[in-house]
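The next block holds one structure in the form of structure tokens; read it before the comments.
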Amino acid sequence: MNDVAPILEVCNLRKVYRQGALFGGGTGHAALTDVSLALRPEDGKVLSIVGESGSGKTTLARIVLRLVAADSGTVSVAGQSIVADGQRTVDNRTLRKLVQPIFQNPFEAFSLQLPLEEYLFRTAINLGETATRNDPRPAVEEALIAVGLSYAKVAGKGIRAFSGGELQRISVARALIAKPRLIVADEPVSMVDASLRMTIVNLFKELSTRLGVAFVYITHDLSTAYYLSDVMAIMRQGELVEFGRPEAILQSPSSDYTRALLDAIPTLDRRWDI
Amino acid sequence: MPSRLAIGIIIVGLIILVGPLAAFFAPDDPRIWQTHPRNLRPEVEHWLGTTALGQDTFWLLSWSVRNSLMLGVGVAALATIIGVGVGLLAGYRGGPLDRVLSFLMDALIVIPSLPLLILLSSMTKGQTSLLAVGTILVIFNWPFPARQIRAVALTMRERDFVNLAWFSGESVGRILWRQMVPYLRGWAVANFINTILVVVAIESSLAFLGLSNDNVPTIGTMIYWALKYQALIAGRWWWVLPPIISIILIFVGFFLLSNALADRMRINPMAAR
Amino acid sequence: MIVVDNVVAGYRTPAGVVKAVDRISMEVRDGEILGIAGESGCGKTTLLKLLYGSFGDGLEIFSGRIYWRDPDGGRTIECADFHRHWWEIFSYVPQGSMSALNPLMRIAPQMLDAGSGGARVDKTARRERIAKTLAELDLPERTVRLYPHQLSGGMRQRVMIGLAAYVDPDVVLADEPTTALDVVVQRQILENLVRLQRARKNSIVIVSHDLGLHSQVADRVAVLYAGRLAEVGTADAVLRHPAHPYTRGLLDALPRLGDKQPRLGIEGRPPDFMDMPQGCRFHPRCSRAIEACGGVDPDPSTLADGRAAACIRLDEAVA
């Protein structure tokens, strides 16, 4: 791992979901077709992947997290290959120190039967450095403070004591404890109330600047992606249709789809001509 | 109308009272023949009279219920523990391990245990120990909870918090135990109680056919001996009716309990909140 | 027009009475598109059900009155009787209703079925109306002969809107009609809705958490918070010059495309029904709260431009 290598590099990723076949064949749904992109250190720290349902953005995220196997193509994080041609190229332990997830539904992110702090402490014990393994409490406290909470607020409590926004923040704290190079957030605010969303989005911004953690932010909301990201990728039906700085894409979109997308967003400034 | 849980507890409580609890206080070994005058009707000295073999019927019943239950509970506990463990492993791991275990489960389910036991018993001329019967019953009953738990594990595997635990570095064992097992309590309890009933039923059937071990009185053997000595024809209801009623009560009581408990403990694995 | 007069409504639960809508007064005017905005738990879905007169799932009005008045002045109908006029005066497009179509029937019989309750119009006339409405919604003529699974999500949603609209009701109530649809399809559907309304001059009530959506299609917007009306007025006034701190907070929290100016969320979280703050329900999270805010739960007071906002510090408000 070195600091010059891209934070995330995806090359020629393909994934086809097959249905209804007993011995091969069947109908295939191409979730990803030849997707390549990269987030380099000089680009910034936040890459957003924007797309509607069926665009493949979630599949891409799950492949980077190795929750799903790609049919072909490679993925590397911080110069370290993690997936190559459907095979895992690095062990699980190293993977967990390279990437960590934040899931879409804050109320699904933790078991209803356990106190939330268990996930925080176990991450510290399993993935922390030696000092943290022996005494996980400081690392847990530090991570919670970094997201604007505190251990006192979280101690002994389960999911039901918190709002969606708070739960996502706790998820971020858990991810931070592992000190990953990359956090992959899959639609992290789509199930969070509007008044609480910006807190989380701003948190990502702040953490990426202050702690140097990179984020891959998956969303269908172009406006938030524009606000947050340094680099933006737009996907449509498994293909990458746009990639670059958000300002550049807005100024001169290279695909008709992007233009249609930009036109269709109901903004507060311009009124549609109906 | 009292709840199912209440009725279930009362009936099971009664069974335990008459069975394992009372059995402690038996004045002498009820198995021994000719301890008392034969064929006495129920009276103060003998609450359920005596059998044609001179045994006190009540204490015999007490020991029989105790033994049947012990077998049932013992087998059920083992079968449930093994079944849940294997089911979780197969469901969570998937792949070749799952294929092998699933095949094993399906094979064992397909083979009916009662005919096998009948075969075994007739080969050993009714001298199969209760331990052997119990072992075979464990072997043939763990696949039932295993299949059910495997199905639940397959759905739970996809849930975010299970993945989150994995990303927190947790081992497979800890994930199964801490993340999944708490959601399985309802299923485990239901399976446990159902297995008790299956075991009681099979053992009783075996005994009824005269293939069970005589040294250990169970409800089934009691019925067998009662019928063998024509208790029904001779009108000696106090010998043949109590064990039959006991089996019925065991089934009804445990079933109600299982039903009510499973409802209370069930957490829908698909529910978000 | 539907008039809501100081209504308290909600549900009786084992944990107590939940007043999902707590002393709300407002109206749905003839010929307008009214947007109802708010976050989860604000009462907007309950309010919509009340406007529709749907009490099936235990919803009760504890006090207050809701009634519909004929645009030509004449008769009034009380809320309890709204259901007699479903699909005649009122129609409803529920949330996620794209999945509400019977997968085993073609579109035409389902649409004919829906309108048959009113029984004012015979079948041929209904068929004509259906064809006309579907055309207004940019659906091809052959749609009526297809099965639901042969249509895309956007088309199905338009069928649901057509179903609600072809009977020519006075009020169409839509609950989050475009959530779960692609942004491009959403725009088409919203345009269809607006054109439909312009042609028929009926009223449409749209419930949506998306303020951007309201800014595009609504004539007036009502913002709800924790079961109370925070602000109501013309879309332009409410969304461009919000008077209530909550509305302002919501708008400030929305990123605008092309603008990287820092935005802030609202601290805290929407209150639990079981644990309502004393006084103004928003004051624990309000950046402009003063001590008096904890003592009074204000009703909306009218401002110069005709809109109303429920805040005791309105006169000091910055436009």
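A few notes on this one:
Letters are used for the chains, namely A, B and C, taken in the order the chains are written, and counting of residues starts over at 1 for each.
Methods note: a residue touches a chain if its C-beta (ideal position, glycine included) is under 8 Å from a C-beta of that chain, and two chains touch if they have at least 3 such contacts.
Bear in mind that the values here come from a model prediction, so they are computed numbers and not experimental data.
Looking at contacts between chains, the pair that accounts for the most C-beta pairs is A-C. Set against the C-alpha centre of chain A, every other chain centre is closer than that of B. Comparing chain C-alpha centroids with the centroid of the full set of protein C-alpha atoms picks out A as the closest. Taking each chain's centre as the average of its CA atoms, chain B and chain C sit 57 Å apart. If you average the Cα atoms of chain A and of chain B, the two centres end up 50 Å apart.
Look at where the CA atoms of chain A average out and do the same for chain C: the two points lie 33 Å apart.
Residues of chain C in contact with two or more other chains: none. Against chain B, the residues of chain A that register as touching in their complex are 65, 67, 93, 96, 100-101, 103-105, 107-114, 118-119, 122-123, 125-127, 159-160, 171, 174, 178. Contact residues on chain A toward chain C in their complex (touch as defined above): 52-53, 163, 165-166, 193-202, 220, 222-224, 226-228, 250, 260-269, 271-272, 274.
Contacts from chain C toward chain A in the complex involve residues 39-40, 180, 182-184, 186-187, 190-191, 194-195, 209-213, 215-217, 239-240, 249-251, 253-260, 262-267, 269-270, 285.
Listing the residues of chain B that touch chain A in their complex gives 159-161, 163-165, 167-170, 174, 178-179, 182-183, 267, 272-273.
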